[in-house]
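Just passing along the structure, written as structure tokens.
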Amino acid sequence: MASILSTRNIIKTFGGLVAINDFSLEIPEGSISSVIGPNGAGKTTFFNCVTGFYKVDAGMILFNGAPIQNQRTDIVTRLGISRTYQNIRLFANMSAIENILVGQHPRLKTFWGEAIWKSKRFQEEEAVALEEARRLIKFVGLQGLGDQVARNLPYGAQRRLEIARALASQPKLLLLDEPTAGMNPNETGEMTHFIKHLRDELGITILLIEHDMRVVMGISDQVTVLDYGSKIAEGKPKDIQNNPRVIEAYLGRGAASGLKSGKAK
Amino acid sequence: MFKKTLARLSWVDIFLRVLQLVAAIVIVYGLVTTFTTARYSSEQWATLAFAGLAQGSIYALIALGYTLVYGILLMINFAHGEIYMAGAFSTVFLAMYFDRNGFLASNPLVAIIVLILFSAAISSGIAILLERIAYRPLRNAPRLIPLITAIGASFLLQYTFRGLFGSQFRSYPEVSILRGTWTILGFNVPIVQPVVFLAAVSLMITLYWYVERTKAGRAMRAVSEDKAVARLMGVDIDKVIVSTFALGGALAGAAGVFNGLFRPQGVFFLMGFFPGIKAFTAAVLGGIGNIPGAMFGGLLLGLIESLGPNAVLEGLGIPAANQLKDAIAFTVLVLILIFRPQGIFGERLAEKKA
Amino acid sequence: MKTIDWKTAIRNGLVGGVIALYFSMIGMVEAFSGRNLIGDFFNMGHLLLFGGVLAAGILTARAHKEASVGINAFSSLVAGLAAGIPTTLLILLANNVELQSVFVSVNRTLLALLTFERGMSGLGLFFLATSLIALAGGLYDSLPGVYKRTLGLSLSVVVVVAVFSNIVTQIMTTLFGRPSVRLILDGDALKPLSAAVLFVVLTGIFILREQRRVKAEKLVASGAAAIESKRASLQRQVILFVGIGILLLIAPYVLGSFLSQVLFEVGRFVLLGLGLNIVVGYAGLLDLGYVAFFAFGAYTMGILTTTGPLNQGGGLFNFWLALPIVVLVSVFFGIMLGFPVLRMRGDYLAIVTLGFGEIIRILALSDWLRPIMGGAQGVLAIPSPVFFGIKLDSPEKMYYLVLAGALLVAFVSIRLRDSRLGRQWMAMREDEDVAEAMGINLVQTKLLAFAIGAGFSGLGGAIFAARLGNIFPHSFNLLISINALSLIIVGGLGSIPGVIVGAIALVGLPELLREFQEYRLLMYGILLIVMMLNRPEGFLPAEVFKRELHAEEAELPGAEA
């Protein structure tokens, strides 16, 4: 399998703090990969570097073989990388449908002024976009909630809507930042299933940050472990579970329970 | 390396660089032509500089109010200029009374101190009232909302005081001991200027000592670092916020009296707008949220404003450059916010938080 | 609660009393007392003096929720007595100390007004008045819901009609001739009899409507007539639109010259407000220097169409030729001033744009740019536009121009709002970082907001210049920006009907109350604070579009059939 995303020796520092240190990673196309690690290990920083929100200090990030490091965020999105956020960041005062319509932005091509005289092209494009938004609402199981203002949606629905918004740009690579955070076991199970479904149905490569080891071990093809900004392990879920350095990194912080529960499964 | 830097530059960056360059060239050109043609004597420059320092110390006192409140609430108290006006405008009546009954002539020092305390109390009271009525209920609202409230409060205060005291100018009486000149560094300087400067600076030093060395000051700094943690440590957040507003108000009130003594034009209900904006500029110049920054920024702005029209604008061949004095402060504000929003001493990344 | 809550009653009363004291001391009571509302015994000063007291009575009664009517009444009476205290203290003080040399508004007229012109014996009367008014408020609150609503509503309508009696005068003069006015009005005030008749008629209408509403609710609950009502509502909408259209077209003829001028002012601020609404309401960029573009528009129009200060190339253009150039110039400056502030957010943006606005004004005023902008003297003798041979030189005719401008701008605003660009703006307003991560080019989106907003504002400026004929730098001060900002906030940020309502409320109504101009900004201040504290979304908040259900609704009837 070819790599859809590969990072080569990237370094990101904030003042004196090295957030990501010489980190290299290959994400095979069509895979579900996870990045795990203790709090503050640099996982979300890594996402921010990939999406161009942060500029890396050194190293390369290749997407489908082309360098994207230090590109503007909007351009990275247009190339086909889309993401969700750890603490949900929807457009709170816009309806669910409108959130998804914004997500489709990179695909809308008509000149903005055409909206004034409602050119045929504009009307067609809008109709297609609206149809697609309705389809996505159904796809993530939110039918009937499309006209709700995003901030009024229940928590689980907000997570789903955020994924739908990310899907709207038809990404090739989807970055999910803790998609099951704050969910009960039932919802977590559904979300896990849903993520798998995304890959199997839509063929999107998925990279996720996750704390819930059951999710990670259950669906990942490949797991990468970050600690203090450096990669300490990489491989199949099974190998990671038995890797002494990983156990040490977690145990050292007294957070072994997550790993154990993963093992128990 | 050069190529890489070039690749990272966007259109906006290029535009801003060009703007920066143009601004620098214009200023340098103006300065060079002014000083090569030797338009003014050193005596004249010194006069402008001393007046600028006195004016700047007044800006600095007001700027401290912006900075204190911003440090704690991350909010620009747009109505702070009006708090300054409230003290200055109310106190003018007491000053006139002291003048009529001779207290000001017989006991000038005591009288002035009473005036300062009175003005500080009025401004402080208004600031506390404002915080209680207009800002406290909005502490968790989106940022735009308290800002608009502050604009509303600004108008409310202006026209309340106009309703109370009328719309005409009132002048502070002249104090006999502040008449005349001193000779400083060989230049003749009106006494009132160094006096205002020294009084303002001593107030600022007192404030600095209060914030850095006392328990209340420590609580204030704790709240500005992290409200949640400060609360866990047993700090009464509301009390700290109220005392911050009170402190900022008191300094503005004192500035109001200094202004009255220093400027013969008098006070009226709209007097707070320009000093308010300029003091805000001063606070940004020094790095908003930073106490020594506000002091330094105020003095610097006073100097720029006083020397700028003659030193730069006239050099550029602009007629009646003094008409543009107020525009200078705004230009400084715009340039500093574009190119160095964290200010000269800014430790805080203003842009990220704003 | 069985017993009276003394603390609440006294506190409410004192707050009401302090409000009365405040309005008295800033001179508003006296200034407004010259304007009679009903007969010669109820004037606008009373409204200010006793409005707070009435509210105190109502709120106090409301605080005693489950109490009997007696307790309610007694508690509001206590509040009323407390409300009399602050003002009484002022009267006592003013009788013994000379206050007027400091507090300019505490003069003989005010004291006479507060004591009902009876000297010290009037003190008791004042207490009596506050107590009775608060008591009335308390009793009013104890009424059953239907009566409370209808009585309150018709009373407010009577007061509003009395306040804006000059509109009534104008319309009646046009329709029935001047003598008809004297039947119901006594000067500016309603005759007591006509006020009473109006009140009774309105109450009747409101009660009838209430009954019909209850009936309709029952019908809806039973599920019948759902489709019928939909068709009816569509019909009603069409009628409403046509009606408003006709009203807008004939307005100047019914309303006469002065009110047309007021309408022109409203239209001008609708134009400005719609432009600012794009920048602030849609894109979330708080711009306090918006007046700058208005000034650019007006000055460009002035310079192009007069032989004024520039004297070269000027005067060659007529209004219509100059108009597109004006808009382009404004758009250009919108982009130029937008560029440096691209990286700024929130309050910093607000202050910098305020700075820009002031710089422009100071420059326009300076001797330096006098050869171009005319300095303090401004640009004079700007010709009126000529439309197919008709010279648009009166307020009635200019009204149509500003109406056309406002309609155009509203149309463009609506179209853009419902497009990709509108969504880009709103996404940016909600969360800039995420919007960028959605592939939105922030630079372009922001600049478009600034440019389009500036273009609208410039259009407004051009019409303003053509209407006035002369423009001066002081016509372009910060207050224009604040005015425009206030009206879009009061109407509802991002809401187009809100802009119109806001302009009528904040520009139109104060124009009608010209005699109280000096308190206009005070009222703005109070309004902004009250709005932000209680209803930050505005009177007519922007609605959220029904997009998903639209399609399903369309499918439903088919499925049923």
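A, B and C label the chains in the order they appear, each numbered from 1.
Just so we're on the same page, a residue touches a chain if its C-beta (ideal position, glycine included) is under 8 Å from a C-beta of that chain, and two chains touch if they have at least 3 such contacts.
All of these numbers come straight from a predicted model, not from anything done at the bench.
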{"item": "Two chains joined by the most C-beta pairs in contact, as defined above", "value": "B-C"}
{"item": "Chain whose Cα centroid lies nearest the overall Cα centroid", "value": "C"}
{"item": "Separation of mean Cα positions, subunit C and subunit A [Å, integer]", "value": "47"}
{"item": "For subunit B paired with subunit C, centre-to-centre distance based on mean C-alpha positions, whole Å", "value": "33"}
{"item": "Multi-partner residues of subunit B (at least 2 other chains)", "value": "10"}
{"item": "Set of subunit A residues in contact with two or more other chains", "value": "72"}
{"item": "Subunit C residues within the subunit A interface of the complex", "value": "411-412, 415-416, 418-424, 426-427, 430-431, 433-442, 448, 544-549, 551"}
{"item": "Sites on subunit A touched by subunit C in the complex", "value": "51, 53, 72-74, 77-78, 82-83, 85, 89-98, 101-103, 105-106, 108, 110, 112, 115-116, 118, 122, 126, 130, 133-134, 137, 143-147, 149, 165, 169"}
{"item": "Subunit B-facing residues of subunit C, complex", "value": "22, 25-28, 102-105, 284, 286, 339-348, 350-352, 354-356, 358-359, 362-363, 365-368, 443, 482, 485-486, 489, 518-519, 521-522, 524-529, 531-533, 536"}
{"item": "Subunit B residues within the subunit C interface of the complex", "value": "10-12, 15-16, 19, 75-76, 93, 133-134, 137-138, 141, 143-149, 151-160, 162-166, 277, 280, 318-321, 323-324, 326-327, 330-331, 333-334, 337-338, 341, 350-351, 354"}
